[in-house]
Amino acid sequence: MEDRLTIAGEALRSRLILGSGGFRSLDQFERAIRASGAELVTVALRRVEQAPGGLYEAIERAGCRVLPNTAGCFTARDAVATARLAREAFQTSWVKLEVIGDRRTLLPDAVELLQAAETLVGEGFTVLPYTNEDAVLARRLEDAGCAAVMPLGSPIGSGLGIRNPTAIEMLRQAVGVPVILDAGIGTASDAALAMELGCDGVLSATAIARARDPERMARALRLAVEAGREALAAGRVPRVDHVARASTSDAGLPDLTPA
Amino acid sequence: MEDRLTIAGEALRSRLILGSGGFRSLDQFERAIRASGAELVTVALRRVEQAPGGLYEAIERAGCRVLPNTAGCFTARDAVATARLAREAFQTSWVKLEVIGDRRTLLPDAVELLQAAETLVGEGFTVLPYTNEDAVLARRLEDAGCAAVMPLGSPIGSGLGIRNPTAIEMLRQAVGVPVILDAGIGTASDAALAMELGCDGVLSATAIARARDPERMARALRLAVEAGREALAAGRVPRVDHVARASTSDAGLPDLTPA
Amino acid sequence: MEDRLTIAGEALRSRLILGSGGFRSLDQFERAIRASGAELVTVALRRVEQAPGGLYEAIERAGCRVLPNTAGCFTARDAVATARLAREAFQTSWVKLEVIGDRRTLLPDAVELLQAAETLVGEGFTVLPYTNEDAVLARRLEDAGCAAVMPLGSPIGSGLGIRNPTAIEMLRQAVGVPVILDAGIGTASDAALAMELGCDGVLSATAIARARDPERMARALRLAVEAGREALAAGRVPRVDHVARASTSDAGLPDLTPA
Amino acid sequence: MEDRLTIAGEALRSRLILGSGGFRSLDQFERAIRASGAELVTVALRRVEQAPGGLYEAIERAGCRVLPNTAGCFTARDAVATARLAREAFQTSWVKLEVIGDRRTLLPDAVELLQAAETLVGEGFTVLPYTNEDAVLARRLEDAGCAAVMPLGSPIGSGLGIRNPTAIEMLRQAVGVPVILDAGIGTASDAALAMELGCDGVLSATAIARARDPERMARALRLAVEAGREALAAGRVPRVDHVARASTSDAGLPDLTPA
Amino acid sequence: MRVVINGAERELPDGARVSDALRAVGVRADERGVAVALDAEVLPRAGWEETTIPDGARLEIVRATAGG
Amino acid sequence: MRVVINGAERELPDGARVSDALRAVGVRADERGVAVALDAEVLPRAGWEETTIPDGARLEIVRATAGG
Amino acid sequence: MRVVINGAERELPDGARVSDALRAVGVRADERGVAVALDAEVLPRAGWEETTIPDGARLEIVRATAGG
Amino acid sequence: MRVVINGAERELPDGARVSDALRAVGVRADERGVAVALDAEVLPRAGWEETTIPDGARLEIVRATAGG
């Protein structure tokens, strides 16, 4: 059987989820989608005057599925209303739930987030909440019926990678639903680390869209996610401190001392 | 033109170099070679009574080239003599030069290493020295005519990864010859990081050979090296501290406040 | 004017708060109190059969004040009831509010914690909540009227220090009330770092009580907290990457080349 | 008996060594000396036209001893000649031996350094070499008769702290002479960490001289060095990963459930 | 009558339908990936043709945009 | 009558006071740093002497213990 | 005569060649990846057949083994 | 005669002593913390008064300066 990321019973063809924000052109975006191999691509909803159009079509052309987010919402109420609009617009019950608590750091608001999750689950949504690295909150979100949890590695767009690997590991151990590392990924090694910590997938927007060469970074992250997943499955060697462990035996060392 | 690791004018088909030490069986070793995609595979020289045989043939069967090392040598004199034996045994002038200064940590001895390198270069060897993360010593080894330098990320077999990324970056900037990260790699993210720091390749022995599933870890490291290389070329986003950078614009946010 | 930690209008004589748990003897505990210079010492409430007695007296003998905690509570209701008992027992309205969400990691439960804080503030308590490194939750606790916030550096008793300095700095910038680094401190450098990150104080239990020599570690942490506070006020030099900045000028270097 | 840093049989009254470079004024420098509590203060030698004078007197006024360095030397020959001049100028056989290998990073040159050390030891100098974090080179310097070794934490003036604690610990275990952490200290927690790793002392120039308030940073580092030393002696608690260790027992937890 | 579409006041003929509002902001009625909220309630596509807009109503007409 | 003190069933004379319960668990009435909850409600020290314990009541008698 | 092969004393007929020594340790003369040092000097394969081993000589016969 | 003091050419009377050179760069002969190298060799203070400077000699006169 294949090793695929399965959310709410649906097996995805990639463990990398692509964020559509920050690309310099639609063409560049489409090339990045293909290079990433992603199946899910996040989008936001905005008034038509500010939303050029063509994005949704581009995503479908690439054979991908839209994962609407609730970016910009600061209350459970707004997030819920936005999720409902998205369901109507894209005919999908999946939503990346964002309820922000602070404009400067864009960190999630635990209380509003949980409340919004409960409401949306009650309305039949498949909820993927963007959350902090808090194992207890993650368990509560799972208990509320969320289909996955999306902890941040570091602030959105910061490129700081995973600032607290211990917390991500504890969160991973605390829940049964898939864990998607969201926010903070800056480059390939960050994505590989996320998978090695036990995450089931990685979402990347900024790291790809704002790289000098987005298409190439998309490929890099696709490879890194695979690499990290393989490494986890392979069972890494233990870390040993302060001493080396020879990879060559001394047995049979020739004696080459001149007479 | 292709992006290949080129040492002493020879373009290799992989940036991953495989160490042959530590595998549980020859069969497991051969599967790992194939999964790694490596072209160069290190071997040591030992008295025939302690060296089962078949290893050299296995490496050639896999279409790989032998890179003999001087593991176990604590003086320039022994390392030079061992390199000469290796040249005769394998008809190759390439040598991974190891001159160890301490049995416990297996750290290299800067002085003996440089002396051995000078002698071997003088005798026409293609010298790849295993060295510490010292940019100045690396420059001296390059000046002595070494074809590449192989700084350690952490002690041999420790699996601690790259303990001093700053030092590796400074070393990378200090020399023109290829830099191969040697020793310390524990898992995929370590290998990706090495490449992101600007290394031209990675050598792994323990991480693969002693993983629970060596074949799978070999594939993981192959992917990770590619991923890190791609990421470097893609030009990562800058790190920003303490603030987030929204990947979704607020422009056109709908007003969903109930009347 | 003096630089003192002031909580709810009361200036304390030390920025180090001592936890009373884990000492091997009452005598050892009293020596540690004196060495720490702490004014506040945390205690828990337990049934008299399991609580030997003498602890409260020892703390008063040392001229310190008791800071009762609600350790062991998993719901807002239990924490509130425990705080009320503590107020009656020690005639203090101060409480270190703990509402745990998970037995294994002892991480706080954001939702129950906030709820308990609101109730207790409403009843006139001076609430110091043990919280995670979440800047948004910290702001909410401040808005609820908490007198300080006590973010964890790493899990209680882990000795892992501050796993996410970035988060602590963001939290520090998000609130106006004093920030006391609680949980995770393992040794002096951890305490110094906490203060350098802008924390107003440090609480330590395990690091002192379970050190080989608690009295000495108490002195070490007292010095470290002072050192970190001084360093913050002194304004550290900026970090510069990959290049050195000479601390000695080359101007006037003598020419000592032999003729 | 007292716990004092003893080099070449001389017990110093402080484990903090002060570098005299980078201060904005002589007055500021003198206040920093006093606040630091240092006994040894490094100086360089320059042509009188470029060396204002008064520095030596200031150091003696403060009751301190001069530790001349060989800053600016790139060869063993120049370093040796400079050390001889210093011995004549200050009537001291002590020298902080610097032989730089690269202008940009100011990293030491292992080969020239060792050679200079051998010569100076032969001439009766008390040699304190500024070296890299290489345990093997440190052992060689000790074998050559150096009275202490001064590994760098990170490049001179970088303020990056200790980039490779593992290497410093290995170095500490490799030699018997005092280890003084030199270069890279940025703030108090760095100095405390150095001592916790087993270093016998810390040298700081830039961190103090270029802080916004040098006198205050001098006091901070003095406290931090003490704190780190005490913490090492106190025997820190072990680090435990992924689980908490309660500092409060649950035994005797009251049952406060309403009827 | 006056209605507010995406935050801007507009004059529409009395009895105008939601589909008219869509036309007014240049959205083809058959464009996919579009949603409408009438006075903060989602109005399913099926209702666009029939639903007449009450005077003073607030309409939000949105579509997909780039977002992380 | 039977009451539960700190989780253990005990027999006390009818009309026993809270102070009797304290004595029963070996706590001097004047010991500082002690608190009592009667059926999950805090009972202030002032009330210990007078308050008679209802039959079947649940008492929690606590004091300070080491805690982080 | 007595020679030392890979650290072990052995008796070989006078005038024995290096190739005899190889045989003595079970190495086929045509095995690739083998090298010989005669008294700490590399002896090229070409010389194995002709070279007679001096009495008391020290031979090292090595092949590839697993190594990092 | 011409000598080079701290890198600069200077004219000194024939038979000038090292102490004259010190005076020439404004260093009091009794100033502590000063050292002199004559043609790259350290010249101990004791010799400053007597030693005459050879024509074309190179003198380095140094003192303590701030240094890490």
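Each chain gets a letter, A, B, C, D, E, F, G and H, in the order it is written, and its residues are counted from 1.
Assume contacts are C-beta pairs under 8 Å (C-beta built on N, C-alpha and C of every residue); 3 or more make two chains touch, one makes a residue touch a chain.
This structure is a prediction, so every number in the text was calculated from the model and none was measured.
Student: List every chain that touches both subunit D and subunit G.
Tutor: Touching subunit D and subunit G alike, sorted by label: A, B.
Student: Between A-E and A-G, which chain pair is linked by the larger number of C-beta contacts?
Tutor: The comparison resolves to A-E.
Student: Roughly how many whole angstrom separate the Cα centroids of subunit C and subunit E?
Tutor: Going by mean C-alpha positions, subunit C sits 55 Å from subunit E.
Student: For subunit D versus subunit F, what separation do you get between their C-alpha means, in angstrom?
Tutor: The mean C-alpha positions of subunit D and subunit F differ by 61 Å.
Student: Taking the mean of the C-alpha atoms as each chain's centre, how many Å separate subunit B from subunit G?
Tutor: 34
Student: Would you give the residues of subunit F that are in contact with at least 2 other chains, written as numbers and ranges?
Tutor: 6-7, 37, 40, 60, 62, 65-68
Student: Out of subunit C, which residues touch more than one other chain, so two or more?
Tutor: In subunit C, the residues touching two or more other chains are 19, 21-22, 44-51, 69, 71, 81, 85, 105, 107, 155-157, 160, 166, 170, 183, 205-206, 241-242, 246-249, 252, 254, 256.
Student: How do the chains pair up in terms of touching? List each pair.
Tutor: By the stated definition, chains touch in these pairs: A-B, A-C, A-D, A-E, A-G, B-C, B-D, B-E, B-G, C-D, C-F, C-H, D-F, D-H.
Student: Help me check something: in the complex, which residues belonging to subunit C touch subunit H?
Tutor: Touch list, subunit C to subunit H: 246-249, 252, 254-259.
Student: Of all residues in subunit B, which touch subunit D in the complex?
Tutor: It comes out as residues 101-102, 105, 107-111, 114, 132-137, 139-140, 154-155, 160, 163-164, 166-167, 170, 174.
Student: Of all residues in subunit C, which touch subunit F in the complex?
Tutor: So the residues of subunit C in touch with subunit F come to 19-23, 29, 42-53, 55-57, 59, 66, 68-69, 71, 81, 84-90, 156-157, 183, 203, 205-206.
Student: Name, in rising order, each residue of subunit B that touches subunit C in their complex.
Tutor: Contact set of subunit B toward subunit C: 166, 169-170, 173, 241-242.
Student: Residue numbers of subunit E touching subunit A in their complex, please.
Tutor: Going through subunit E, the ones touching subunit A are 6-7, 25-27, 31-37, 40, 42, 44-45, 60-68.
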